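Per-chain numbering from 1; labels A, B, C and D assigned in written order.
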Amino acid sequence: MSWFQFVVKVYYDMPRVEEKRLMKALEDEGFEVKPFNVTREPLPIGGVEDHIALIRAVSMFRSLYTAAVLEANGITPINSSFTIIYSGDKILTYSVLAANSIPIPKTVISLNGDSTIKAYLQIGFPLVDKPPIGSWGRLVSLIRDWHEANIVIEHRSMMNNPQMKAHIVQEYVEMPEHRDIRCFVVGGNCLGCIYRIPKEGEWRSNVALGADVVKLDESTEACELAVKAAEALKGEVVSIDLFERKDGLVVNEVNGVPEFKGFMRATGIDVAKEVAKYVKEKLKK
Amino acid sequence: MSWFQFVVKVYYDMPRVEEKRLMKALEDEGFEVKPFNVTREPLPIGGVEDHIALIRAVSMFRSLYTAAVLEANGITPINSSFTIIYSGDKILTYSVLAANSIPIPKTVISLNGDSTIKAYLQIGFPLVDKPPIGSWGRLVSLIRDWHEANIVIEHRSMMNNPQMKAHIVQEYVEMPEHRDIRCFVVGGNCLGCIYRIPKEGEWRSNVALGADVVKLDESTEACELAVKAAEALKGEVVSIDLFERKDGLVVNEVNGVPEFKGFMRATGIDVAKEVAKYVKEKLKK
Amino acid sequence: MSWFQFVVKVYYDMPRVEEKRLMKALEDEGFEVKPFNVTREPLPIGGVEDHIALIRAVSMFRSLYTAAVLEANGITPINSSFTIIYSGDKILTYSVLAANSIPIPKTVISLNGDSTIKAYLQIGFPLVDKPPIGSWGRLVSLIRDWHEANIVIEHRSMMNNPQMKAHIVQEYVEMPEHRDIRCFVVGGNCLGCIYRIPKEGEWRSNVALGADVVKLDESTEACELAVKAAEALKGEVVSIDLFERKDGLVVNEVNGVPEFKGFMRATGIDVAKEVAKYVKEKLKK
Amino acid sequence: MSWFQFVVKVYYDMPRVEEKRLMKALEDEGFEVKPFNVTREPLPIGGVEDHIALIRAVSMFRSLYTAAVLEANGITPINSSFTIIYSGDKILTYSVLAANSIPIPKTVISLNGDSTIKAYLQIGFPLVDKPPIGSWGRLVSLIRDWHEANIVIEHRSMMNNPQMKAHIVQEYVEMPEHRDIRCFVVGGNCLGCIYRIPKEGEWRSNVALGADVVKLDESTEACELAVKAAEALKGEVVSIDLFERKDGLVVNEVNGVPEFKGFMRATGIDVAKEVAKYVKEKLKK
C-alpha cells in the first residue's frame, strides 16, 4: 500500500480554523481525511483499524483520552498521550523540563492553601500563581501583594477540582511590554517564533486575551530551546512558550494540541501544510 | 556514604496505617526516615537534596504532583509520576495494558452523554460504567438496563470535573460471589494474591466497601499477569486487581499508591518490610 | 398617565419562543416593551424608574436575583422573588403547600447520604429521589431497589453544590402511562390543564424529555387545586404539575417562570395574550 | 399543658459552643431539650409532633431545609425559612432591606462576567465584590483596580454553582480600623452591639478571620437600625452587621443562624439565656 492510500483521522470536539486547515492540507498531500467528533462517537479499545491520527480536541482531557485509546489499539497518535498529559498539566511539564536540565522560571509547587503562603514567601512579590490545568491564560494571576494573595488563595480553595487546588507559584519574569515568545516545532524542526504582545491593560500574552503577534526575525536561540523542550516532552507537533529572563531564555509552557492561527498570521508560515508534510515524511520511513 | 546513612522521605497527606508501618519498617532497615506532609510544606523545583522518596498521599493528584516535583529535582520517587498518573487514571491504565497486549475487560470509552448511549449499545447490559479517576469503587456502577443507564448518564453530566464526564464502559465480568483478585508486586516480585469478596448486598469488591479478604493459595498465574501489568506501568510498588473471566484472567486496575492493610491481614505478609527491603536492595545496586 | 404609556420590561437570559410571544402580546395590548438581557446589564439597587417587570430568565437564580433587585427598587415583578425561590426550590414548594393543607406526594427530606438510606426505608421502593433545584426533570430518579439507591446516593454525594446534596424522597405515584397533569394559572384564573405523557422508554413527563401533550377536557378539579397552589405560593403567572393519586390529586411542582409552548400546542390557548391582558387589568386597578 | 412540659428541639449539624450554651440555657428555663442532628435523621413532611424548634445548622441550606420541613408540619421554627433564605442570600437581604427603606451600602448586582465589568464602572474603585452565599467573609473581596477586578471575575466564572456566578458589587465603606458594628436582636429587642476590629493585615471584620471584639457603649442608634432590619427580615433571633458611613449607619448583613461567641465575650451578655427567656415568653402568649 502506498502512502497516499492512507487514512488520516482528525479527532476534534469543536472544529476551529486550525482543524479545517489541517484537513485541507492533508487532503492536498493526497491523504484520505476523516474527521472524527469525539463527543459523538465512542472510542473502543480493540478492533480499530490502523490509521494516522491527529489529536485536535480543544478539551485537554478529551484529547488525552482519545490519544490513550488509540494507543491501546496499537496506533501512534500525533501527539501521544504522554505528550498531551505531560504538556497539558503544567506541573508535569515543568517536571520533565527541569529533569532534562531545560531552564524554567523559578517555581515552587504547593498543594493547598496553607503551604501556598509559604510558597509565596519563598518566591516573593510580584509573583505568578496558576493552576496546573487550563488554557488561554485562564486563572494565571500576577500577584503583587498579600491582599491579592488572599483573594487568589481563597477563590482557588473554593474550587472542587483537585487540580485547581494545586498552585504553581513562580517568579514574575519581567519582559519588555510583557511580551513572550512562542515557537512552533514539527517533527523536531522549528518552524519559527513570534512575539506575543498583550493588549493594553492586560499583562498576559495569550492571543485569546487579545495579544498582538509579531514575527521574531532572529529566532535561532529560541528555536534551539524550543526543540529541546519538544524533545523532552516527546512532542511531534507542539508550540513552546518562552520568557526572556535577564540571564537567558526559559521555557514557560508547551502546548500539546497547539493552536496556530496567530502564528500563521505573524509569520506567513503555513503550519497546516508543514504538519501534513511531516505526516507524509514520517510514513515514508 | 553507606546505604544506612540514607534519608527516606515518606510523602503523605493523611497518615494511614500503611504509612506508619512503612516508616517503622524503613527505620528497622536502618534508614533515617522523615515524614513529609505535602499539604503543609510547598515543594520547590530546584534545591532539593538527594534522598529516597516514597509517595504515599491518599489524593492521587497530590501523589502525582509530589512525584513530579521530585523528578524535577533529579530524584526517582517510588512510584514515578508516570506510574501514578497512568495507573491513577483508568483510561490511561487500560491504554498501557492493551498496548502491551495484557488482557483487560472489553472496554469502550465515551467522552460525553450522547456517545455513552452508543457505548452502552456496543457493550450490552449488564455493563459497568466508571469514571477514569476515583478510588474505593466510588461511582463504579453496575448498570442492568436503560433505566439505570439514564440515571448514571444524567448524574455524571452534572459533574463539572472534565474527567467525571468521561465514561469507561465495560463488560460486566461475572465471578463467583463477585470476588476479584488483588496481587501485590514490589520491584517486579509478586508477594502473593488475595480474593476480595464483597459484603452482602454489594457487588463491588473494595475493602473500603466492606469486602472480606482471603488468601489465594495458588497464585502463580495471577502473579504472572500482575508482574506483567506492573512492568507495563513501570510500577515499583503496586497492587493489581484481576478478574477471572471464563477465558482467563484480565487486569482491571493498577494502584500506584497501594493500600495493603487488607492484603496483610489475609496473607500475613509484612508488605511494609518487603518494601523497605526492596528500597535497600535497590540502593545497593 | 394612562396605562398604554407604561413600559414593560421583559427580563431574560436566553430568549425562548415564550419570551418572544410575550413581548409580541404585550405590544399588541399597547405597552411599550423593552427586552432586558440580565447577563449583559447589571442591576442597580436604587435609581430604577417604575415599570412593569416580567421575569423570564431560564436560570432560576438569575430570575430570582432579578426579581429581588426590582423589589429593592420598589417594583413588584411578575413573579415576585418569594414566588420564584419558593417554587424554584422544591423543598420550599412542598413546605408552603403542606403548610397550606394542599395535598402533596408522601415526602421525606434528607440532607445527606446516611439519612437518605433511612428516608428510603421510610418511603419504600419504588420511590422517587430528586434534588430541590433543577428543571426539565433533571436528576429526578425513579429508584426501584437498593442497587439503584446506592448509585443515586453515591453520585449525588460527589456534587459539590449544597442543594444537590439534599434529597427529596417521595412515594412513586403510579399513573396511567406515567402521565401527569399541568395547569396554567394567571392572576388567580386557571386557563386550563393538559396531560403530559412521557415518550416511550421514559417515565418522566417533561416536555423537554420528549413528552406528548393532550388537552384535559374536564379540568375543574385540577384547576381548583392549581389555583390554591398558585395562591399559596403567591404566584401571578405560574404552571402547576399534579399527580392523580388513587385518593385524589396531589401537587408535585409549581413553576415560577413557566414555559408554555407545550400547553399552547395542546390547548390552543394563547397564554402570552392572557398574560398581557392580566398585566393590563392589574394596572387598571 | 404548661409551658415547662414543652419539648425544644435544637436542629444542628456540627455542634458549636453556641448550640451547647443554648441547650443548657433552655434546660435551665425548664424545657425538655432534644438535640436533632439533621445530617443523621431524615425530616418527614407529615407526622411530626408539635414542638419548639431552634434552627442551628452551620450550613445555611441545611438550616433552610430544616425550617421549611418544620413549617410543612405546622411548626413555626426560630428562625423561619423566610428569614433564613432571605438573610442567607445577601441579594435577597438587600432586596428586603431596600424595599423597607433601610439604608444599605450602594449596591449593583451583576449576574455574569460581562455585566460585572459594567457594575464595577458604576461603583468605581475601591469596591467590594462578594457572592450572595457564604459565611465568615469568604470570597468577600476588596478590589482596588482592574488588575484585581480581572482576578476576581475570572476565578468566580470558573465556579459552577449558579449563586457563585452572581456578583454583589458595592461601594467600599471606609471606617476607622476597618471595624464594623454587630448588634444582636432577640424577639424585637436589641441586646446590644459590638465593634469588630479586623486583625492586622486583614480588612474584613469577621471573627472567623481573627477580628477583635469590643463592646459599643452607646448603641442606641445602631440598635434602632438593627431592630428595623430584624423586623424587615422577620427574624426572631438574628445578628445584624452595620457600617458607619459618613452620612449615617447602613446595614450590611443579617445573620439568620447567628453565632454569638464573640458578642458574649465583648459584652458579657448571656445570649443563650436571652434566647431561652424569649422562647418562654413567646410560649406564654
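The rule is simple: contacts are C-beta pairs under 8 Å (C-beta built on N, C-alpha and C of every residue); 3 or more make two chains touch, one makes a residue touch a chain.
Here the structure is a predicted model, which means the values were calculated and not measured.
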Which contact partners do subunit A and subunit D have in common?
none
Is the contact between subunit A and subunit B built from the same residue numbers on each copy (over half shared) or from different ones (under half shared)?
same
Which rotation angle, from 0 to 180°, best lines up the CA atoms of subunit B with subunit D, given as a multiple of 5?
180
On a C-alpha centroid basis, what's the spacing between subunit A and subunit C, in Å?
45
What is the distance in Å between the mean C-alpha positions of subunit C and subunit D?
29
Give me the residue numbers in subunit B that touch at least two other chains, ranges are fine.
160
For this structure, enumerate the chain pairs that meet the touch criterion.
A-B, A-D, B-C, C-D
Hey, which residues of subunit B end up touching subunit A in the complex?
13, 38-46, 59-62, 64-66, 68-69, 71-74, 81-82, 85, 91-92, 94-99, 104, 106-112, 114-116, 118-119, 122, 132, 160-163, 166, 169
Going by the contact rule set out above, which residues of subunit B touch subunit C in the complex?
138-139, 141-142, 144, 146-148, 150-152, 154-156, 158-159, 164, 201-203
